[in-house]
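Next, two complexes with chain A in common: one pairs it with chain B, the other with chain C.
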Partner chain A sequence: MICPGCSCLCDDIEIIDNVVRNACRRGAELFLKYKENRATPRVNGKEVDVDKAIEAAIDILKDSKNPAIYGFDTTPVEVQELAVKLAEKLNTYIDDNSSFCLGDLVEIVLKKEVPTTTLDDVRDYAYVIMYWGANPYQSLSRHMSRYTYYPRGKERQKGYEEDRFLVVIDIRRSETSMLAKTNARYIIVKNDLELIDSFFKYMEGKPAKYADDVAAIIRELKKSNFNVIFGGLGLKYGLKDLKPFIDLVKKLNEISPTYFIPTGFHANMRGFNETLFEKTGFVNKYSFRENKSDKSFAFTELLKNDLIDSALIVGTDPVKSLPFEVALKLKKIKTIVIDPRNSLTSRIADVVIPSAISGIEQGGTMVRCDGVRVKLETIEEVEVNDYYVMNKILEGI
Partner chain B sequence: MMRFTRFLKTEVEVVVGRHVLAENDAIVFIHPSIAKVAGVKDGDTVELERKGRVVRLKAKISEIAPENGCFIPNGIYASYLADLDNFKRFKANIEVSDGEVTKVEDIMKELSKS
Partner chain C sequence: MSFAFKLLNREKKLEDCKPLFEDPKYSENRKKLEELLKPLEEATETGLIVKEELCVGCGNCVVVCPVHVADDPHGAGVGRGPTIEDPILRVENGVVKIVNMNKCRRYGKNRILCVACRDNCPSEAISFLEG
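Presenting the complex of A and B:
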């Protein structure tokens, strides 16, 4: 089985006699508890049959002057394509979690502004492995054991004791940084830009704040022709503008091949970014009315500035995950939630439509954090899934 | 005996991030250095206040928090304190509290009243 728990999409999960093998804690919980806390179809708080709920959703979207389509990071690519179609048909906004998560980092990869690679090649060839603002111990529990620091690969047969060099850059002593002991370096930063600046200054022979750390990293980079940087949310929020980071990756590539992979997001967030990118040339916060992407079209900004009167929210829980001011605004507009589970957002929604859990009850394709496409398997197929609901809504509009 | 630190309010840096086991828990990880300054002991209930919003969370003294600060797992408690301009990193005031920890229902009630 493929685990749909995070963007690692681990492909070695076995379920035998109700025992989940190889999965991390989050993955195992997904498989063991997928029947718990399931959503039921509701309109204005009253339970209805699912087709009635879908009809109510269609009515809201038809009556709406400015609807927004939001979420889809846990649904397969094929459902994301239906979401893009719906946004186009409604001539309106579409966005996902990546506009406040790692969309910017995926975008620089899709636009080929930095060189990238796959996790499989990282396992086989990478020497310096840098986690920048990422804490895989919590966000991608098997990342280090399957692909990066710990496994032996084709040209990395001696393991982490000799054949890997781990660098962890963070503003705090994360659990991942505590693992940086053998052949490793942990750098605590107050300001990511200062570290980037130190790299450039050191390479120009000037005094630099992080000179010792930078010297050690560059010394190790030179030992290999395959190195990788994994950028997480800390990198995104640590820099207002990604240009200095892009320039740094280019500069490091003058020393030794150094690839970049964005890391630590929802199972198919990259799938959403790639789906929208193929259609529009942009990864998120897109308006079909304006034919462009803009910061002001981010779901959070649309709500903040009272620019939408309804929202179709799929497979995500903004009341839980976004600032409270977003929840307050969300409550003032018509909301439709499509989700396999009861969520905090579903509790304030006008319409709730239950769906299936990707990779357990519905198949399709997801895109791993490194861009590799993975076919999902199922334990049991259910009829009312995201395909069923989205196709019905598309037909009804 | 009344603890003197009950009246001590300290400004701290709060970092928000993923924590697999504690994402739905009313918990805050406090760096030992700030716990000492604010008089917080492991297991205390602490009140975090920011821009008029208050949550009470169970304190866990841990070095995974930033120096001179706290770490709150992604989830409704962090979301309640955050705003769009300071989403994953912000400053808040912390003090030891007598009250019960904030429940998800308390925040949902406030939302439903609005």
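Presenting the complex of A and C:
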């Protein structure tokens, strides 16, 4: 089975006699408890049948002047394509969690501003492995054991103690940093820009704040022709502008091939970014009316500035994830939620449409954090899934 | 000291020390010893203790285990779940479980004090009796 729990999309999950093997705690919970807390179709709090709920959703979207389409990070690419079609048909906004998550980092990869690679090649060839502002222990529990630091690879047969060099860059002592022991470096930064600056200064032969750390990293980079940087939320929020980081990756590539992979997000967030990018050239916060992506088109900004009068929210729970003052605004607009489970957002929604859990009850394609496309498997197919609901809505509008 | 080692290796039990149980003047010491040896009850034969409530199922312990690398080079050795039937450790229902302790390098007459699984556990879910 493929685990749809996070963007690692681990493909070695086995279910034997109701015991889930090899999945991490988060992944195992998905398989073990997928029948619990399921959503039921509702309109204004009253239970109805699914098709009635879909009709109510169509009516809201038809009557709406400024609807927003939001979410889709846990749905397959094929459903994300329908979402983009719907946004285009409604001539309106579309966004996902990546606008406040790692969308910017995915964007620099898709625009080929930094060289990238696959996790399979990282396992087989990578020597210096840098986690920059990322704590895979929390966000992608099996990242280090399945793909990066711990496994043996084609040209990395001696194990992590000799054949890998781990660098963890963070603002605090994270669980991942605890693993940076022998043949490793842990750097506490107060400001990511200072570390980037140190790299440049050291390479120019000038004194630098992190000179010792930078010297050690550069020495190790020179030992290999395959190195990788995994950038997480800490990197994104540590830098107001990604240009210095892009320049650094380019500079490091003059020393030794160094690749970049964004790390730590929802199972198919990258799929959403790629789907929208193929259609529009932008990865998120897009308006079909203005034909452009802008900060002001992010779902949080649309809500904050009262720019939308309805929202179609699919497979995500903004009441849980957005700041309270912003989430509160959802109560003031018409809200449609498509989700397999009850959530805080479904509690306040005008229309709730239940669907299927990707990778368990509905198949399709998801995109791993390194851009590799993975075909999902299912335990049991259900008729009312995201394809069914989105196709009905598209037909109705 | 010999008795103490045998006690820790589970070759002897505290009850084998007759005076400790028969002579009332040792009762205080017996209580202290029983308290001291309590961790032995939850440890495996190799002294391995797994606190499942702390484990997130990252699988680092499964992949770094030198026995797994040798016996399962195309499974646990390359980061996948074990493909052999009797691995030492396996992640089940999201937490690590001890499946076959007999394979551990800390087990048997030629045992060595390997701590690879403990050293690479970010949750501190794995410990050994010796610390």
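Operating definition for what follows: the second predicted complex is superposed on the first by the 397 of 397 C-alpha atoms of A that agree within 3 Å, B and C clash if a C-alpha of one lies under 4 Å from a C-alpha of the other, contacts with A are read in each partner's own complex, and residues count from 1 in each chain.
One rule holds for everything that comes next: a contact is a pair of C-beta atoms (placed from the backbone, for glycine too) under 8 Å apart; a residue touches a chain by one contact, two chains touch by 3 or more.
Since the structure is predicted, the reported quantities are computational estimates derived from the model, not experimental observations.
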Combined model on chain A: chain C and chain B, fit or clash: fit
Partner chain in contact with A:Ala211 - chain B first, chain C second, else both or neither: neither
Which superposed partner A:Lys304 touches (first chain B, second chain C, both, neither): first
Chain B, chain C and vertex chain A (Cα centres) - angle in steps of 10°: 70
Partner chain in contact with A:Ser141 - chain B first, chain C second, else both or neither: both
A:Leu32 touches, of chain B and chain C: first, second, both or neither? second
Chain B versus chain C as contact partner of A:Asp12, first or second or both or neither: second
Touching partner for A:Leu394 - first (chain B), second (chain C), both, neither: neither
Which of chain B and chain C A:Gly153 touches, first, second, both or neither: second
Partner chain(s) touched by A:Ala184 [first = chain B, second = chain C, both, neither]: neither
Contacts of A:Val326 with chain B and chain C, given as first, second, both or neither: first
Chain C versus chain B - closest C-alpha approach in the superposed model, Å: 7
Those residues of chain A which chain B touches in one complex and chain C touches in the other: 24-26, 141, 175
List of chain A residues in touch with chain C within their complex: 12-14, 19-29, 32, 123, 137, 141-142, 144-147, 150-153, 159-160, 175-176, 178-179, 181
Contact footprint of chain B on chain A as seen in their complex: 24-26, 100, 135, 138-139, 141, 171-175, 188, 233-234, 237, 264, 300-301, 304, 319-328, 331, 344, 347-348
Chain B - residues contacting chain A, complex: 15, 17-21, 53, 63-67, 69, 71, 74-76, 79-84, 87-89, 104, 107-108, 111-112, 114
Chain A-facing residues of chain C, complex: 55-60, 62-64, 69, 73, 77-81, 90-95, 119-120, 122-123
